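Got some structures for you, see below.
Paired with chain B in one complex and with chain C in the other, chain A is shared by the two complexes that follow.
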Partner chain A sequence: MKIAKQTVDHVANLARLYLSEEEKAEMTEKLNSILDYMEKLNELDTTNVEPTAHVIPIKNVFRQDEVRESLSLEETLKNAPDRDGSFFRVPRVIEE
Partner chain B sequence: MELYRLTIHEAHELLMKREISCEELTRALFDRIRIVDYAIRAYITLDEDGALQKSRVLDERGDFTHPLAGIPAAVKDNICTKGLKTTCASKILENFIPPYDATISARLKSRDAVIMGKTNMDEFAMGSSTENSAFFATRNPWDTGRVPGGSSGGSAAAVAADECIYAIGSDTGGSIRQPAGYCGVVGMKPTYGRVSRFGLVAYASSLDQIGPITKDVTDCAIVLNAIAGHDRMDSTSADMPVPDYTLSLKPDVSGMKIGIPREYLGEGIDGEVRHAVLNAAKTFENMGACCEEISLPHTEYALWAYYIIAPAEASSNLARYDGIRYGVRAKDYSDLIDLYKRTRSEGFGAEVKRRIMLGTYALSSGYYDAYYLKAQKVRTLVKKDFDRVFEKYDFILAPIAPTAAFRIGENTDDPLKMYMNDVCTIPVNMAGLPGISIPCGFSGGMPVGLQIIGRPFDETTILQAAYAFEQATEYHLKKPCIEAGGHAAFSRDNRCKHSSDFTEREIGVDLGAPQDECVKRRNVPNGKGVKA
Partner chain C sequence: MNFETVIGLEVHVELFTKSKVFCGCSTEFGGEPNTHCCPVCLGMPGVLPVTNKKAVEYAIKAGLALNCEIASYSKFDRKNYFYPDLPKAYQISQYDLPIAKNGYIEIEAGGKTRRIGITRVHLEEDAGKLIHEEGKSNSLVDLNRTGVPLIEIVSEPDIRSPEEAWLYLNKLKSILQYIEVSDCKMEEGSLRCDVNISIRPEGSDIFGTKVEIKNLGSFKAVRRSLEYEERRQREVIEDGGELVQETRRWDETKGITISMRSKEQAHDYRYFPDPDLMPMVLDRDWVCEIKANLPELPDARKERYVKEFGLPAYDAGVLTSSKALSNFYEECISHYHDPKAVSNWVMVEMMGLMNEKGLEVEQIKLKPQQLAEMLRIMDKGVISGKIAKEVFRDMFETGKDPEVIVKEKGLVQISDENELEKIAQKVIDQNPKSVQDYKNGKEKALGFLVGQMMKETRGKANPQMVNEILKKMLG
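Coming up: the complex of A and B.
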C-alpha cells in the first residue's frame, strides 16, 4: 500500500495547513516512510504486551476542586492578535 | 580574573566571601556576550536591564547562601519566562511574551538566579543542529563553521563560550545531551518526571524533559538540586523524594558494574569517538569498576517507535497555534478556517510542518491502533531491555553521537550515520531514563561526549560516575578559543594557549589533540572539587 496525494490533501486539511505542490510531493514521500517504520515495528509480536504511555508509574492524578488565583483578564488577553474588550476576536463563524 | 569563566560553585564561593559582587559578575558576562556572541549567536533575547537590576537588588540584600543565588543563567527559548519574550525559535511565537513563569523559571528565580536571556534552538525543539531556528543558526564555539548540536544548541554554546555560567535546556530525543557533547560541556536529561515541565512549550509530552547544561559535574548536581521535584502544576512530575545530589559527588566507582551496549558502538560510529568512549571505559576500570559488553536487543525498534510517537504527540501539541489567543496571526484571511491555515502555514517552518503532517496521519481516523498503540507497545519492550540490564549493572556507557560536531549545512546523507545518531540518544527518552553527557576526548579538534545512562530516578549514580571520571581526567578544563580560533578572527583576548602547550601527558589519555584550535586551562581560584 502506498500513500496517495489525495491522502496528503486530507491530512493537510486535518492539520490545518496549506501546502505548495512542492511540499505536497515531499510530504507524500515522508508519509510513505511511516509505512516503512510500521513494517519494522510489525516484525515484533506484541500480542501480550501492554502499551507504555509514559514510563513512570503515575495514573489519574486528582486534586481537590478548589478556587485558586489565576491569570487576570488583562494578562490573559495581552497576547491576543485581535481583541474586543474582554473577548478574543475571530472572524464571523455563524452565518446570518 | 575572567569572571565569565567561573563555574557556579566557584562564583558562589567568591560571592559568599564578598570578593566579587553579583553586578560585577553579571556585567562581565554581558561584556563577554558583546565580544563573542556575534560569532556564536547563542541568544535570541537578552535581558541586560532586568539582569543588572536583579543583580543590584541581590547585592544590596547581600544573601548569597543558596548556591544559585546571584549566578547568571541562560534559559532555552521554549521555557516560559514571565514578561520575557519566549519564541521557541518560531515565527508563529515571535511576539509571545508569557504572562506567567514556567515552574522551572519560578524555581530558579526563587533561588535568586539571575536570568540573562533566552537561547536559540531548533524551531519547537525539532532538530539536532540549531540550524532549524526560524531566526538564525547558532555556531559551535570550538569551530564556528560547525553546528553546536541541538535542539538546545544555544544553551550548550552559551555555556561553552562562557556567555553564561550555566544554562537550562530540554531533551526529547537527545536535545540536551547531544549539544552538550558537541560543545564539550556537561548536559543532563533527568528521569522523565523528575523535573516539572509546566511552562515548557510541549513537543512530545511522553518524552520531553528539562535539565541543566553546565561547565562541570558539580554544577550539574547543584542545578538539579534546585529544579528537581514534584509540582502540582505538572501531573506527570513524580511525587518522589529528591536526594541532595551534591552528596553524590564522590570520586568513587570501585566495585561498580558498567554495561557497554554493542548496539551503540556499531558500524557508523567514528573511529576517534569509539576510541574516546573505550578509553573512558578503561579509565573507569582503572578506578576499580568492571566493564562488560551488553546487548539492548530492541534498540533499532526504539527508533521506529519514536518516529511514530514523537510526531504524533507533536501534531496534537501544536494544534494550539491557531492565531487566536496568542502568537502571530496571518494578515489576510477569508474565514476562520482560512485564518487557521494561513496562520499555521506562514508561521511554522518546513521541519515543523513535516512532523505535524506525519503525526496527524499517524493519529488520523482508523490508524491510531495500528500506529501509535503499536509504537507504545514496542516502547514497553524497549524499557524491558533496560530493566534487565539494570538488574545487573549500575550504569551504561555509550557515545553521545557517532561523530563530533558536523559542519553547518552539511546534511549527512549517510544513512548509517543518521541511524547511529539517533541510536545514541533516543532509546533513553523512550525508556524515560536519566542520561548525562560529559567531555571525554577530541576528534579532529572537536569535543567528544561520553554518555552515562542510569536507572530511573537514580541520577545519583550517574552523577557519581560522571564526577569520578571528571576528577580523573581534564577534558572539562579545556576551553575553546573563540577569539582566535574558527572563523571568528578576533584577537581581543590573546591569552589562549595553543594545543602544543597542552600535552597528552597532562590529559592522561590519547587526545587526538587539536591541531589549530586554541586550548586553555582555566585558572581556577579554588581548585576543583569545591562542594557547594
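Coming up: the complex of A and C.
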C-alpha cells in the first residue's frame, strides 16, 4: 500500500472534500490500484528521456498585447451568489 | 554571543502591459470594481488562456537586467489553493522551469560593493483584491487585478542586514524602472515584498529557523520590520527559548510583528504543469534582440557620470538612483555646459524642495531647460547666487521661466557702480561705529557693512562689487 489513509485525509482536506469513513477506505484502495498500474511505467528505462511538460507537440502560443472588451459588470456578477454594489460578497475571510 | 542575520526577499512586480497576461482585459489601475473581467480571468469553465507575448518579453528583459540566465525552455504550472481572490482556485505560475535564474545585483553597503544573488525570476498572474470592512461579517471581492502579469523575483539568502535589504529593494526598483517594465508603485500595489529572516551564531554556515514577514507597505516598513525581527529573534535565543518557523504579520502602527496562526499544510500547493498553456521555447535570437535593446542601467550610468562629468561617486549614485531624476539631469546638461554646477543645484536645491513638498520628479513643474536658463542668467551677472536661490524656489513652485520671475520681481542684480556707491554712502553714514571698528582693524566689521548693503538692496547688489566699493570708500 503506497497511500495510507492519512494521505487521503490530507489530500481530501486540501481539496475541501468531505468524505465519509467508507468513502475514505474506498478512495485509499482505488488510489492505490491506480498507482500500482502506474508502477508498470517505471519498468521502462527513461534515463535519456526529457520530462514531458505537455503532451501536445505545440509550443509558443502567444497573443499580442491588445486590450479587448471585458464583460459588463452585470454579466460578471450574474452567477454571484451574493453581491454588494459592484463587488462580489463572500463570507468574511481574513488571514489569521 | 554574536549573531549574523540572514535575509532573503521575494518581490512581486506588476508588469505594465496594456492587457492581462492570459486574456485581453485591461490592466488599468483603479476603475469600477469587476469591470476588467472576462470568462478567462473569472475562471469560467471551458475557456482557454493565451499568453501575452509582451509579458514574456518583459520577464526576459527583467531577467537580463538582473544578470540572469534565460531559460531556453520554460512552462507554466498551476499553484493550487482556495481563496476568494483566486476565482480558478489555482494561480498560473511557474514552478521548476522559470523564465530566468541565477542572476545578481550589486549594492553599495558601507563603502563596499556587495553582490546579492537572484535565485529566479518567474512570470505569473496576480490575484484579485479583497476588502475586509471593519465589523462586517463579509469580505468584498474585486477581480479587476486578477490576471495582471507579475514577475516574482526571489533573492538568495545573501542579505546580511535590514539596511542591505533596503538598499537591495531600492536598486531593484531602480533597475526595473530603467528598463521600463513596471512603474513599481508600492502604494498602488505594483511592487510588493515579502521577506524571510533568520539569525545564526556568527561563523556558522547552518541556517537558523526562518520567519516570513508579510504586510509590508513600504521600503521603510521592510527595514523597520527586519530590525524588529532581528532583535526579537536574538532575545528569544538569549532567553534560552526556541524559534518556530512561521509567518508573522507586520503591524505598522505598533511597530511589531505578530504571529499569524499558520494553517497546517499551507504550503502544499500541489503544483503541476498547466495543460491549457503550451510550453515556451525562448528563441535565442529573440533573447539577444531584447538584450541588445536594453537601455543603459543605473550602474553603467553612474560610472559614466563619474568618468565623463567628473562627479563624485556619491553624487553620481544619487542622480542615477531614479531614471526620472537622471533624465532630468541629462536634459538639463544638454542645455548647460557645467555638469557639476547642475548636479549641485539638482541635489541640493531641487531635491531639498522635493523632499519638503513630498514630490517625485515626475510631479514637479520645473523644467530642465529652466534650470539651465537660470544658471546662464546667473553667469551673466544678471542675478547673484543668492537671488538665484529665490528664483529657483519660485520656478519650482510656479513653473514660470526664470526671466519672467526676475522681471516680475525686479530681481536684476545691481552692478551699476554709481548706484552702489550711493547705497554704500548711505550705509556708511548710518553705521559710524562699524566704520570706526573697521578702520581700527576689525575685519569683521566689513562683513556687517556688506550685509547692510545687501539688506538695503534686498539681496540684489552684486556681492563682489559691494566688497570692492566698500573697501575703496573706507580707504
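The rule is simple: the second predicted complex is superposed on the first by the 85 of 96 C-alpha atoms of A that agree within 3 Å, B and C clash if a C-alpha of one lies under 4 Å from a C-alpha of the other, contacts with A are read in each partner's own complex, and residues count from 1 in each chain.
Basically, contacts are C-beta pairs under 8 Å (C-beta built on N, C-alpha and C of every residue); 3 or more make two chains touch, one makes a residue touch a chain.
This one's a predicted model, so the numbers in the text were calculated from it and none came from an experiment.
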{"item": "Touching partner for A:Thr76 - first (chain B), second (chain C), both, neither", "value": "both"}
{"item": "Touching partner for A:Thr46 - first (chain B), second (chain C), both, neither", "value": "first"}
{"item": "Contacts of A:Phe88 with chain B and chain C, given as first, second, both or neither", "value": "both"}
{"item": "First, second, both or neither for A:His54, with chain B first and chain C second", "value": "both"}
{"item": "Chain B versus chain C as contact partner of A:Glu66, first or second or both or neither", "value": "second"}
{"item": "Which of chain B and chain C A:Leu14 touches, first, second, both or neither", "value": "both"}
{"item": "Chain A residues touched by each partner, larger count belonging to chain B or chain C", "value": "B"}
{"item": "Contacts of A:Glu22 with chain B and chain C, given as first, second, both or neither", "value": "neither"}
{"item": "Contact residues of chain A, present in both the chain B and the chain C interface", "value": "10, 14, 16, 53-56, 58, 61, 63, 71, 76, 82, 88, 90-93"}
{"item": "Touching residues (chain side chain A, partner chain B) in the complex", "value": "3, 7-8, 10-12, 14-19, 23, 26-27, 30-31, 33-34, 37-38, 40-44, 46, 49-56, 58, 61, 63, 71, 75-76, 78-82, 88, 90-93"}
{"item": "Contact set on chain A toward chain C in their complex", "value": "10, 13-14, 16, 53-56, 58-73, 76-77, 82, 84-96"}
{"item": "List of chain B residues in touch with chain A within their complex", "value": "95-97, 99-100, 191-193, 205-206, 232, 235-236, 238, 298, 300-301, 304-305, 307-308, 315, 319, 322-329, 333-337, 339-342, 344-345, 348, 350, 353-354, 356-358, 360-362, 364, 370-371, 373-381, 383, 431-432, 456"}
{"item": "Sites on chain C touched by chain A in the complex", "value": "17-19, 23-26, 32-39, 42, 50-56, 73, 75, 80, 82-84, 97, 130-132, 136-143, 214, 249, 260-261, 265, 268, 270, 273, 275, 277-281"}
